[in-house]
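Each of the next two complexes has chain A plus one more chain, namely chain B in the first and chain C in the second.
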Partner chain A sequence: MQFFGGSDTISPSPPIPTGLANNGNMMYVFNRNGICLIYKEWNRSLRTLSSQQDHKLMFGLLFSLKSFTTKMDPSNVEKGNLGVPQLPGQGCSFHSFRTNTYKLSFMESPSGIKIILVTSPKAGDLRESLKYIYNLYVEYVVKNPLYTPGTPIRSELFNTNLDQYVKNLA
Partner chain B sequence: MAAICSLFIINKSGGLIFYKDYGSSGRMDTNDSLRLASLWHSMHAISQQLSPVVGCAGIELLEADTFDLHCFQSLTGTKFFVVCEPGTQHMESLLKFIYELYTDYVLKNPFYEMEMPIRCELFDLNLSQAIQKDRVALLGR
Partner chain C sequence: MGKEVSESCVDSMIIEMVSAYSNRFYANKAELAARRIEAIGYQVGLQLSERYTMERPRFSDHLEAIKFICKDFWSELFKKQIDNLKTNHKGTFVLQDKRFRWLTRMSIEPTPANADLSQDPSVSAVENKATQSASMHLYFPCGIIRGALSNLGIPCAVSADISEFPACKLLDTKPL
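Now for the complex of A and B:
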């Protein structure tokens, strides 16, 4: 059900074939400056924004969620002020959230690389899968001498390996 | 630490109308709880925009490193969320039960003004009973 209006105007799209229901919907990789290094989508029927705006909104959501969880953390007394930028690994982070239509899994590396995987809400714990994707990134992107850090990833090997891995994700 | 750390109720425009702390270390001050409530309200709305398919109703469960946050939104847009220990079960039914208490003791109270902070003795009383650990276990039969 939709409470915040607006989406009624978008015509419903055909349902996703059930065989693909467990596969990933989209994936984002951001660097620590908020630049989207790679964006992939496998089945996404709804687009409310242009791709650039969509990336900005996603990065903003993750940033705010991080400051939210840092401040909310019930196990820590010294939490500082809300909204103060946190270094990677500092403060209480989160690894996933779930809505009725999708599940978003999130990982941040110590260097500030953020990997986001959006899957069906029934998907299980994907922390290990994200680590594997991070390994792919290290192997095929970081170790590529022709890659300039901070630019969009155009590595053929990375793309094919990633596609294959996410397609086989249970 | 208790299984349930805190409970928030947000009205449909993002204002905090109820906050209760059940033993998290370092209690938040009023300003921070208000800020967190409106921050959650907006993130809930943004998560609907980012959905890959139509019909998204916002975040239901947020899994952080040290806590889980379960959120329930009523048909009128009032949001209830509890912060609990990671992996705590039966929170959905607890939230539904709190919603029932809210309709019975807050909305049916003739002196309660809609969208204003909740100050109802009966609600507080019944809520603290519901939150007690054994009751949580009972709800999840």
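Now for the complex of A and C:
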């Protein structure tokens, strides 16, 4: 029975700069087994599914997108058959997709940690931010002596630094 | 001079050592695990103090040796010096490090926001467990200091106190 850490309550946000009003602003971190390590939301207007279904949907979506973009890659020499699952360390060519109301950015580390950031559609290329968030994860979660890998993250240091960074980003 | 090792490797190894001794070798016997970890620290302290006092003359008195620990020894180990040194002139010294390097990344779980009064015992139990595992990690540096001082000719006992995170106080008492 998995239980998902992170907070579901919307924290009081600072005066919203232009471009972020009415838009979802969330972050998910998954590990290679699909366990949601942390889910944070700073500004989410609509919730349609229970959080467990939401996480499964997100993980499944990105798993398929990743696999699809790799198979469709015209410059890739060796292509497996469609449907063959990808190994975690093989790199990811898929970065982000954008719709009318939001932009979803994605990054996967060689160890299979997937970081997903949902922002307003006007956001630029967030790859550097995702790398920075991964760095925060390494510093405050992986190097935390009290953390067991594979469990949801409950670390105050990580939470505060992350909140600070994302607020400055917005 | 010498080869270099990445700091993350050393940090991870120390973390794993503490967790192996507390959770695997001596599970449920916290006292024994703590003693083992401190003994390992003692050996490390002995050898490190040999290495770092190679070219120095002998220390004239206990205060000089303690000052060496606070300044040179601590900067070799943790890249900074001890922030505060207090003594009661009767053999007890308190070394305070406001930002102890091995504790900077340690983070206790945030207490649940809606814990009502009936759940108080469980909340404090969680906090106690967290502080207990945090204090397990302090036996190693205590052992290092004890080893270093005993190699310099000062037998003593060292204990640690983490009341404010991530500052930590090390209390060093000389047996009279």
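The working rule: the second predicted complex is superposed on the first by the 141 of 170 C-alpha atoms of A that agree within 3 Å, B and C clash if a C-alpha of one lies under 4 Å from a C-alpha of the other, contacts with A are read in each partner's own complex, and residues count from 1 in each chain.
We take it that a contact is a pair of C-beta atoms (placed from the backbone, for glycine too) under 8 Å apart; a residue touches a chain by one contact, two chains touch by 3 or more.
Every value quoted in this text rests on a predicted model; they were computed, and no experiment measured them.
J.: Check whether A:Asn33 is in contact with chain B, with chain C, with both or with neither, and answer first, second, both or neither.
T.: Once the two structures are laid over each other on A, A:Asn33 reaches no partner at all.
J.: Look at A:Asn168 in the shared chain and tell me whether it touches chain B only, chain C only, both, or neither; answer first, second, both or neither.
T.: neither
J.: Any idea whether chain B or chain C touches more of chain A?
T.: On the superposition, B touches more of the residues of chain A.
J.: Go through the superposed model and pick first if A:Thr69 touches only chain B, second if only chain C, both, or neither.
T.: First partner only, chain B.
J.: Name the contact category of A:Leu146: first (chain B only), second (chain C only), both, or neither.
T.: In the superposition, A:Leu146 contacts chain C only.
J.: Per the contact definition in the header, classify A:Ser50: touching chain B only (first), chain C only (second), both, or neither.
T.: Neither partner.
J.: Please work out whether A:Leu157 is in contact with chain B alone, chain C alone, both, or neither, and reply first, second, both or neither.
T.: In the superposition, A:Leu157 touches chain C alone.
J.: Taking the contacts chain A makes with chain B in one complex and with chain C in the other, which residues are shared?
T.: The answer is that chain A has no such residue.
J.: Which stretch or stretches of chain B touch chain A in the complex?
T.: 1, 5-6, 24-26, 28, 32, 35-36, 39-40, 42-43, 45-67, 69, 73, 75, 77, 83
J.: Spell out the part of chain A that touches chain B in their complex, as residue ranges.
T.: Spelled out, the residues of chain A in touch with chain B are 1-4, 7, 10, 12-13, 16, 25-26, 41, 43-46, 48-49, 54, 57-58, 60-61, 64-65, 67-69, 71-79, 82, 92-102, 104, 118.
J.: Would you tell me which residues of chain C are touching chain A in their complex?
T.: Residues 8, 11-12, 15, 18-19, 105-110, 113, 130, 133-134, 137 of chain C touch chain A in their complex.
J.: Across the complex, what residues on chain A touch chain C?
T.: Against chain C, the touching part of chain A is residues 9, 139-140, 143-146, 154-159.
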